[in-house]
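For clarity, chains are labelled A, B and C in written order, and residue numbers in each chain start from 1.
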């Protein structure tokens, strides 16, 4: 039972991370920096609780806000850059963050930051955040900014010519995405009780991409599904655990070949809705 | 001292050039930025390493063998991960190559371990004395081999039927198809050539750094992409020159600013940002227009 | 005079796409721009809407100088456009596409979206939907509102693009080859639509190759060739203009 709970909690944290990648992704910004923002949130909140005695919730929020601010900072040069070059820029940022923390003695440098106060019922907090995010994304879907984000992701130039301020929209998506990643980091830190820079490397950032791409890119349920399933399955099949990363790689390729929109698509949602209608 | 650093810069730069040429060739025919190209270089390093370890063959046999092996790897990657993709999702190739990167890097860690492996002495390094300077023959050899490969490549592209086909496909798949070019095969061949070049670069990286780890893929991926951007997308000559420029610049930065932190990598990021902001078509102009 | 183009020059690298174009567009008129392929017509639209930078010269709209204004701000001033190749947003429905046009006339940001505490929809959102539906109905496609934009026939996609441009309430509408790929019946529908839009008082700048449509609906025609304006006038004047005929057909072989 305890084991199931811990797995569910980790899955919850990864759902938050997947959603943090998804938001800028809607606007066409592929970010490998989310692991870096997670680190900022993790360290930021850990310093608050472990060193300054600030309670959990404000500390996690603080971590998120700092991540969001840095997201804004990174988001500005990111505006001009597309596709793989944005990938590289965000990758570089993530690496810089990691290097900074490796050399940052106040938070333990390469040896890591132990002694973070464990937060009981972390899982509850994680899923509370997910609940809030679900509300956020579903409201976003049928809103002015939501349509603007999708439009920018489809055809940025056309969106701009139709009156969308793409600069502010992209920045918004990027910084809020970083904020969400920071929150995820904060929750993560107070569950692990110990963090070190290696936990926030590039390969983890890539994992979040895999969750989203596999889960589905057309609607926010996709990343939730992807993160949940891909975190849970390795736990239950030890064989998968060892080859987890390779399987992720294969999944990415296979999805691109057979179903690029991911497992959960608009058609999936429509089919589910039809099922509910029939059940009435 | 200056001459030594110059040789260092040229040596580093020529490996960058070889990688960047591969990127630019693939971008030319597929408008794809092949994220996994750096991992192909890494594979080349290890293949060269193990060929020498197991057979003790000299470099002039090992290098072509490694190139063939890496070229074959490139063909497999194209066939399995690029060719079957749907054409309608423009992010599909990029994401697929990220998948390839994950697979190759993690496989390498499983097979070769996460720590560096020492690259055996593959060439007798005789050190030359020119005046008061000590120059390693290994380094000069690398520069010479790289330049040779680049010249051969240039010849292939400019003068042979295959090269013409590659240039046609770079212009337009549709038009090339109408002209009777087997576009799929040209893409395959391009991948093979690009990967073989990366393999050569990989072997030379092994020789010059004396060690190989599974993680050099990402580093060279970044450097190669920056060089490609520097030289202009699709511009092979630009990639050649751009690589040398970056190599020399990095060596210069090590000499001028001594720090423990790896400023070189951040250096390339900095250059990338500058180019993207001020001269997105590269120093020498891109030969293709982006989608 | 709602739009004035003064000494407009555009170079793409070494290539001169537009060479000292002068043009005055009168308010409320249907003003066509014709010319052989590559004459610079779409380039002109791109410069007006802000997609590309001006090399030299000026564009004035409603008394404001557009040169350094970002595209979305020009749109806010009242310029709407459609594209030579349809550019609808593929992950949005037909109605949602048209609603994007309402973006610059509304202002609900992320905050408002998230923090509304009632279950009731934002009034602005409801209003946007009604407006968008009204314009969709105007082009006769209200019944397709929930279809994915990429799933409807090509001619209908062009009409949706027009509805999308109209929903931002432009004073100047740039239509780039709206009849391309349409059959005669669809073109007739388009013709009537353009007339209807013009009767509303909007100014229309129209790039078209379909001469029947152009001659029938335009009040003024400007002719471009190789980046220069070679003629301008009423349809009857343009039809007999030798320079225009030569541009399209090459030199007369004697008649």
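Definition applied: a contact is a pair of C-beta atoms (placed from the backbone, for glycine too) under 8 Å apart; a residue touches a chain by one contact, two chains touch by 3 or more.
Note that the structure is predicted; figures quoted are calculated from it, not measured.
Taken together, the touching pairs link the chains end to end in a line with two free ends.
If each chain is reduced to the average of its C-alpha atoms, the one that sits nearest the average of all protein C-alpha atoms is A.
Of all chains, the one whose Cα centroid sits at the greatest distance from that of subunit B is C.
Centroids built from CA atoms put subunit C at 40 Å from subunit A.
Note on chain placement: the centre of subunit A and the centre of subunit B lie 32 Å apart, centres being C-alpha means. For the pair subunit B and subunit C, the distance between C-alpha centroids works out to 46 Å. Looking at subunit A, one finds that none of its residues touch two or more other chains. Per the touch definition, subunit C reaches subunit A in the complex via residues 49-51, 70-72, 75-76, 80-81, 83, 87, 89-92, 96, 99-110, 113-114, 116, 122, 124-125, 128, 148, 164-165, 168. Of all residues in subunit A, those touching subunit C in their complex are 135-136, 139-140, 142-148, 150-151, 153-155, 157-166, 172, 176, 218, 266. Residue ranges on subunit B touching subunit A, taken from their complex, read 33, 35, 80-81, 84-86, 88-89, 91-96, 98-107, 218, 222, 225-226, 229, 261-262, 265-266, 269, 272-273, 276-277. For subunit A in complex with subunit B, the residues that touch the partner chain are 30, 77, 80-81, 83-85, 87-89, 91-92, 95-96, 99, 103, 202-203, 206, 209-210, 213, 245-246, 248-253, 256-257, 260-261.
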